[in-house]
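First up is the structure itself, then whatever we jot down about it.
By letter and in written order, the chains are A, B, C and D; residue numbering begins at 1 in each of them.
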Amino acid sequence: MSNNKTIWHKLGNIDYRWLYALSLICTIIPILYPLGLPVQVSGGTIGYFDAIDKLPAGSVVAVSFGASAQLLDEQEAQFLATWKLLFQRDLKVLFYNPLQDGTLMLQTELGKQVIPASYGKVYGEDYVVLGYAPLGEAGEASMGINIRGVYTTDWKGTPLNDLPMMKDINSAKDIDLLIFVYTSCTDVEFPIRQWVTPYKTPTIIATLGCCGPMAAPYYPTQIQGFLSGSGMGTELEVYGRVPGPGAAMSDAKNIGVLPFLFFFIFGNLSYIGNRYKWGVKKQ
Amino acid sequence: MSYFFKKQLPIILASLAGVLMVAAYFLPWQPLQDIKGLMTNWIVVISAATVAMGFVYMTTAQIKMYQKNKTTLQLIYTITPYVFFTGFALSAVFYPGGSQSPEYQWWFSNIYSNVGATIYAIMYFTLASSAYRTFRVSSIEATALIAGGMIYTLRQIPLFQVYTPWIVPLGEWFLLVPNTGGGRGAVIAAALAALVVGIRTLWGKEATLEVQG
Amino acid sequence: MIWTIATLGTLVASFFILSVLSMLWKDNPVFRIGQQAVIGAATAHYIVLNFESVYKNALKPMMGGNLLLIIPLFLGLLMYTRLKKEASWLARYPTAVLVGVGTGVMIAGTLRGQIIDQLKATIVDILNAPASGGLTVFNTVLILIGTITAVTFFTYTQKHATEKGLTLLGWSAKIGRIFLMISLGANWSGELVWYLTQLIGRLTYLINFAKLLIGG
Amino acid sequence: MLLGILADGTLQPLILLAVLVAATYNYNRKAFAGEIKADQLREIPAIAAITEGVGKSVEEGKPVHYAMGASGGQLYTQLVSMTLVSLAFLNYISKLCAKFEAKLIVHMPYQAESIPLIEAMVRDGYKSEGKEGDFQQSCLRYYGQGALSWTQAVTASYDQEGVGLNLSIGIFYSDCPISLEMAKIKGGMNVGGTGRWIMVYCFAMMCDYVFLGQEIYVAGAIVSGNPLMLAGVWIEDAGKFYSLLLLGLGLLAALLGVGAVTALFGL
């Protein structure tokens, strides 16, 4: 029976493990030997960069850092590039975490991957980390009304009033830009409803690739820019001239997807070949 | 115990709790908002207090597996979860800060987060193989599925963005126009169905809650 | 290389990455051990977080005098009566409170967020479209058609076809199905590339560790 | 008067709720009068496939797997309705397994608070077929929090115990891409669906028979055989026609300008 199988049948029924193995190999090669393939910068990224770049000196940036440790690979390029851009400029940065993971990631990434001191930034004067609070939409609303109603201390327990940077920062009115980082696609509505609509706070967002579809409709009317996925993180690295882990990822993505594309073509050749009985002698 | 306490009272309780929450949404009356806050706090405590149930069921299944196959290897498999369970639990109990302690975070980041991230990686393979099997231009519907899938995939790959730049607006169009239309319709339909179940529950007629077993 | 607790962590993490990846090949002891270990870890993590939550949200306030919290705590403990068949009906009480509150939350969140706002967005897009040009008008009308036809696809009480062929509703549902398929494809695609990024991240982690081992 | 009492922006949701409540009253009355029957509904092929899958499992001597999703036991979130539908299917599949003497494995979600309901559904299924003695608690599997352990444990179960039918209905996130595809690869028959549209693609691509989005609610009503649940399908359709009406009114309002649209939807 198996001897009668045509090439078309075989092409459509290749053991999936070949696809898996080839994908693995094609992903590993560019990680080992980066190709440096070019990257196209999209409008969302340019808007995101400009929103930071055009801030006047001394502006206050709030970063709602809802990143997750399990999704580090997708988000790392985005937030490392963002932090570098923020610390390169004369800005005051206020981090807070609506996810428990966010605090852990700030602990492991801030000060190790991006070192504020190397940009001449001092904790308490140029940046503050408020830590974790289970905010959700209601919490974001409370932050807009009164930051001290949600946080009385920073993540180390220092009262906010003892931190020089926090002296005049009380509510959304004192925030010049909100950077909203999140992983649950529908959360995009939180900053829209709680910051943009009531306070008209300029807002940019950074999220996963799969959340891009839900975020894109808000750009550019309600949000000034957005990053979705590590791909746009890479774009920010390139456009903002802040190299990071994204470039190697883009290379690996380019090559890693090729086996799937070939298998997709094989599958359809198989379907068409079988359907029109290509190469089968008529009885 | 009477039928009332066994069956009717719990259903009345569910209805009452639900109606109060709905009322708190429509009416900005402070006592209602306070009740809503109290109930929200209570349900966190109720659900948190039930966690050990999972451990009981995990153990029942593990013992059964070993009884079915009493080999050394199976014994190792059976013991393994408890070794790691103990590692996590002890580091939370004995180190200051509990789950925030560096010792707990060591277990958490090297095992929990790391395996979680790897599971996402595995899904690349399963999505690819399922598409190899199903992305065949066999009908208009299948072609629509492929169009929505492949064009937006290529739009996200840097190489295609650079060498076939037309893929970017085309991919965006698929995403923002037909995807939005279809997705919106599906969301509305599912939301209405969820509401109907909700109203039935508050009505005290949800059959699932009447099952005793 | 010098072995520290951090490098030991990387070694453990690498083992687990390989263990998980090996499941793509076939069932094997490395996968089984890794998988069983993760069950223990995930159960422990769940219990640890929730015990902390019980302490923070119930026990600590109770020690501070808020004795009302004994009610939810007691209700939570009633769930365990499920383990004894004769008393299992008592578990219906905490379940009822949870489902009741959940239903209330769901109704409140769904009415506006998932229905009214979705309809509103469709209309507002059309309203704003003329200012952005002909293509935008076309697009917003297409979204409207997609929304309407997709909703009609999900009707079950009306016949979509008769002996003579498709009804008007049937044609609408047929068109809606095409929109739905495009949406499914786009969702697949959004996740595929994200998962590929995760794969690249994990492989990079393994390669960096291998380099460290060789270099050390 | 009413506007003064209501919270901002809740009049339009209240009207929608009132429409649904009125429809519920009307169709429940019809259900009690015996005027509502499953054969009046459009056919959903995946329902028949469940029985077929149980038959396949018995024939091959492999178990039936039931999955609610790694996070599918949500009782007090916005997704509670989906959990309830999933439980209705669990009750149904338990009955079928008891009837045809197929082995059932339930991959439970991490939310421990849902376990009592899950066990009740399975026990009730066996009991209604007069086979309560066949129920074994060890068929209810628990794997801790997160897709990471759930997906691996489900895959391991397919490998070690085999998979005949894999019925997956409920709340699914990034867990179904593995559980469904692995069942398929290991020779299982996949039937399932979720109300979370963003994950429906997995079911459409990996299942032999799929319940597309809202179809799980309709199918849940049909398999339950409960007239009030069936009435729900008519209520849902009434809601859809009201939504389409609202869309039509919105279009008319759009002709009148921004103020009219705001007046209609901003209520």
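Convention: a residue touches a chain if its C-beta (ideal position, glycine included) is under 8 Å from a C-beta of that chain, and two chains touch if they have at least 3 such contacts.
Computed from a predicted structure; not experimentally measured.
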| item | value |
| --- | --- |
| Taking each chain's C-alpha mean as its centre, the one farthest from chain A | D |
| Interface ranked first by C-beta contact pairs | B-C |
| Gap in Å, rounded to a whole number, between the CA centres of chain D and chain A | 32 |
| Centroid distance [mean C-alpha coordinates] between chain B and chain A, Å | 22 |
| Averaged-CA centre spacing for the pair chain C and chain B, given as whole angstrom | 4 |
| Sites on chain D at which at least two other chains make contact | 10, 13, 17, 75-76, 78-81, 84, 110, 112-113, 115-117, 119-120, 142-144, 146, 148-149, 152, 174, 177, 182, 185, 197-198, 200, 202, 204-205, 212-214, 218, 236, 240, 243 |
| Overlap residues in chain B, where contacts from two or more other chains coincide | 22, 25, 43, 46-47, 50-55, 58, 108-109, 112, 115-120, 122-125, 127-129, 131, 133, 145, 150, 153, 156-157, 175-176, 179-180, 183, 186-190, 192, 194-195, 198-199, 201, 209, 212-213 |
| Two or more partner chains touched - positions in chain A | 16, 20, 23, 70-73, 209-210, 212-213, 217, 229, 231, 253, 257 |
| Of chain D, residues touching chain B in the complex | 5-7, 10, 13-14, 17, 20-21, 24, 28, 75-76, 78-82, 84-85, 87-88, 91, 108, 110-113, 115-117, 119-124, 127, 136-138, 140-144, 146-149, 151-152, 174, 177-178, 180-182, 184-185, 195, 197, 200, 202, 204-206, 212-214, 217-218, 224, 226, 228-229, 232, 235-236, 239-240, 243 |
| Residue numbers on chain D that touch chain C, as the complex places them | 9-10, 12-13, 16-17, 40-42, 44, 74-81, 84, 110, 112-113, 115-117, 119-120, 142-146, 148-150, 152-153, 155-156, 159-160, 174, 177, 182, 197-202, 204-205, 212-215, 218, 233-234, 236-237, 240, 243-244, 246-247, 250-251, 253-254, 258, 261, 265 |
| Chain A-touching residues of chain B, taken from the complex the two chains share | 100, 105, 108-109, 113, 116-117, 120, 124-125, 128-129, 131-133, 135-138, 150, 153, 156-159, 161-162, 165, 168, 172, 175-176, 179-180, 183 |
| Residues of chain A that touch chain B when the two form their complex | 12, 14, 16, 19-20, 23, 37-40, 42, 69-73, 101, 103-104, 108, 209, 212-213, 216-217, 229, 231, 234, 250, 253-254, 257, 259-260, 263-264, 266-268, 270-272 |
| Chain C partner contacts - residues on chain B that touch it in the complex | 1, 6-7, 9-11, 13-22, 24-25, 39-56, 58, 73, 76-78, 80-89, 92, 98-99, 104, 106-112, 114-115, 117-125, 127-128, 131, 140-142, 144-153, 156-157, 173-192, 194-195, 198-199, 201-202, 209, 212-213 |
